[in-house]
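Shared between the two complexes below is subunit A, which has subunit B as its partner in the first and subunit C in the second.
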Partner chain A sequence: MKKIEVIQNVLEANESIAKRNQQLLDKHKVFAINIMSAPGAGKTSLILHTMSRLRAKLNIAVIEGDVASTVDAEKVQNVAKAVIQINTQNMPESCSLMAAMIEPALKELPLDDIELLLIENVGNLICPSEFTLGEHKRVVISSLPEGDDKPIKYPLIFIDAHAVIINKMDLLPYVDFDIATFRHSIAGLNPKAEIFQLSCKTGEGIEKWCSWVLKQLETNAKTIEASHTS
Partner chain B sequence: MHELGVTENIVNIALAKAGEAQASKVIRINLVIGELSGFVPECIQFYFDSLSKDTIAQGAVLHFESVPAQLCCRDCSAIFHPEDTLWSCPQCGGQSVEILKGRELYIESLEVE
Partner chain C sequence: MKKIEVIQNVLEANESIAKRNQQLLDKHKVFAINIMSAPGAGKTSLILHTMSRLRAKLNIAVIEGDVASTVDAEKVQNVAKAVIQINTQNMPESCSLMAAMIEPALKELPLDDIELLLIENVGNLICPSEFTLGEHKRVVISSLPEGDDKPIKYPLIFIDAHAVIINKMDLLPYVDFDIATFRHSIAGLNPKAEIFQLSCKTGEGIEKWCSWVLKQLETNAKTIEASHTS
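Up next is the complex of A and B:
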């Protein structure tokens, strides 16, 4: 019997495809955001609001990840420059998008004609935290009816997020969600995360979120440009 | 829930490394798995048994070495193992923490013949 030292990250396969995806996006100057949340927290609503606010300034494409159906793709197709629906039910994993699922979708998108790519992950707070897709920013939405304890129950997804959105703020008078407790948990796990309080129902707070998206996109474009000239 | 893809990677890595070593059989795969990683060893083993069928890794034992979570308090720099769901620092009670260990998932070594 012989022992072979390996020391190889099992997630490396996903990570190397994710890196390739990001290089392709950078080459075409496309800024990508991976939007994650539990089912029903408002990923599609946020995408619709973001597009209606930013479509005058940017060409936006959407990748929709769902176990089954094209319901979400149908909702966004009139507003988006291009939409790709990924159904994960027949894939090796159905609980999350993975870099290898994004790669063929990027080939189908008119990358030269878009500036912003919004990727709606499968509704799940566990699995998507393990897989990067090639996105530039990771965003997690928590909505008030879910309760303020989600960061404690599912810390990993919040630890890696660049921004955390508290959605359905219009329901605050009706649910037991303590904003301060939630913000305190996020600040503890991930002090760098931006926190946005908004409502996709009333539109409250959407503008602030969209300004952040625009700013991140511009910063990313400058970083890419600087790396080309240096 | 998402162990199938990960197990495919484990089988691929094991077969590639065993191939390089011109081994005829993989006896054991030593994996290191963090306490906070979302992967379930029993589930990986289940998929492994099916994915390794008719390969030189069929019947190999998967050995999981668990790495306990290790957190660092951002307020007082204490390093500790989380004892409650809030991940509070036992020294100062702070809840601003950084994960030092516990998210890993890698193949440490293979035993072949």
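Up next is the complex of A and C:
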């Protein structure tokens, strides 16, 4: 079928651009995280919390992916070292960022002055699972009001996530969400994924998440250094 | 660009199958509603409430669209006259139902014994806006925890909705959501859209929504009848 062939070509092209993006990031010692979730699960809030806690230690840039609007970019622009907005509305793939959209954005960023790049993907639990961007870690946020069945209904995005965040823990008394059920589903799909429970409203759990980010960044830096000296 | 051409062909083919679907539905006097939202906004809960309130008056069937799993179909199967599950995971378009997926489903349904067909689309605020299915009315659910900026960030799906539902009104004291801001955004994009505020948890507002459904169904039946006699 013609359309499937075309999609296959798009995915292969995406892989090769993503590799190039990661090489560029590694060359400049920039650690990149791809943050994915359904609309309204808290990607921008997580980015704001992460920046406010880590900005004393790291220079942080943000790439904001949205179908339309610049509202998220406006929220982060005073805190980030640099912000690039990507609007996907008129692009061939509007429901996800793709490596080919990140490539020109990286050229706009002052990579030598940045240690951490947070990429906020388009709000979607389906399309972003198909496209790597060149990121070092993939993170999926689920929020309590969405319900504990999301890993069963949208398995692909959870299967290759390095970390899964359960956000809006402050709403636990008011919604039907069984933490054990959710954790059990993640363990079945992706037992290596780190799971963080936090609330971007109260700040609960943010510190643990930020420690993990720092640790991943340091580990990645050591790996790159080792590969240069070997 | 090859991919864009292919997408254009897919969209045109979809339109023509959607028309065929609607002709079949009209022939059998079945009124169909396409229910769209982000993951976890309450599509299944709305369907359950609608069935429980209208089943004494109408025979209702449900088509459940999901990437994977049958959990939603299982929830509705005891209440609906008939249920068809469509899993999109291995289909050419996994992030939305398409008219070509609905066509074989309609053949499986006892159309002569049904007055109302509720179609639960895949949880996504982007892809479903591109594909009509043959439905008579398009409904988008936004839920309070997602935030009041969703119409600005995902305008296309709201632009051609006949009704917009604000769900999870019971969470209003616990989340930051300004009803006036949301309503203002909808009025800007689509001033004709009916807006319903409701809670599938408490049942608040469900009656008004169901009255609207009944009225739309009756109006549609009269239109079809008039076109036959004219």
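The working rule: the second predicted complex is superposed on the first by the 220 of 230 C-alpha atoms of A that agree within 3 Å, B and C clash if a C-alpha of one lies under 4 Å from a C-alpha of the other, contacts with A are read in each partner's own complex, and residues count from 1 in each chain.
Just so we're on the same page, contacts are C-beta pairs under 8 Å (C-beta built on N, C-alpha and C of every residue); 3 or more make two chains touch, one makes a residue touch a chain.
Predicted model only: the values in this text are computed from it and were never measured.
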(request) Using the touch definition from the top, say if A:39 reaches subunit B (first), subunit C (second), both or neither. (result) second
(request) Would you sort A:145 into first (subunit B), second (subunit C), both or neither based on which partner it touches? (result) second
(request) For A:189, decide between first (touching subunit B), second (touching subunit C), both and neither. (result) first
(message) So in the superposed three-chain picture, is A:79 touching just subunit B, just subunit C, both, or none of them (first/second/both/neither)?
(response) neither
(request) Once the structures are superposed on A, label A:125 by its partner contacts, choosing first (subunit B), second (subunit C), both or neither. (result) second
(request) For A:221, select first, second, both or neither according to whether it touches subunit B, subunit C, the two together, or no partner. (result) neither
(message) Contact-wise, after the overlay, does A:10 reach subunit B, subunit C, both or neither (first, second, both, neither)?
(response) both
(request) Once the structures are superposed on A, label A:71 by its partner contacts, choosing first (subunit B), second (subunit C), both or neither. (result) second
(request) Go through subunit A and flag every residue that touches subunit B in one model and subunit C in the other. (result) 1-4, 6-7, 10, 92, 95, 124, 126-127, 152-153, 155-156
(message) Considering only the defined contacts, which subunit C positions touch subunit A in the complex?
(response) 1-4, 6-7, 10, 38-41, 66-69, 71-72, 89, 92, 94-95, 122-127, 143-147, 149-150, 152-156, 168, 170-171, 174-175
(request) Would you pull the subunit B residues touching subunit A in the complex into a rising list? (result) 1-2, 4-6, 8-10, 12-13, 17-18, 21, 23, 27, 31, 36-39, 74, 85-87, 94-97, 99, 103-113
(message) For a test of understanding, state which residues of subunit A touch subunit B in their complex under the given definition.
(response) 1-14, 92-93, 95-96, 98, 124, 126-127, 129-131, 152-153, 155-156, 159, 184-185, 187-189, 191
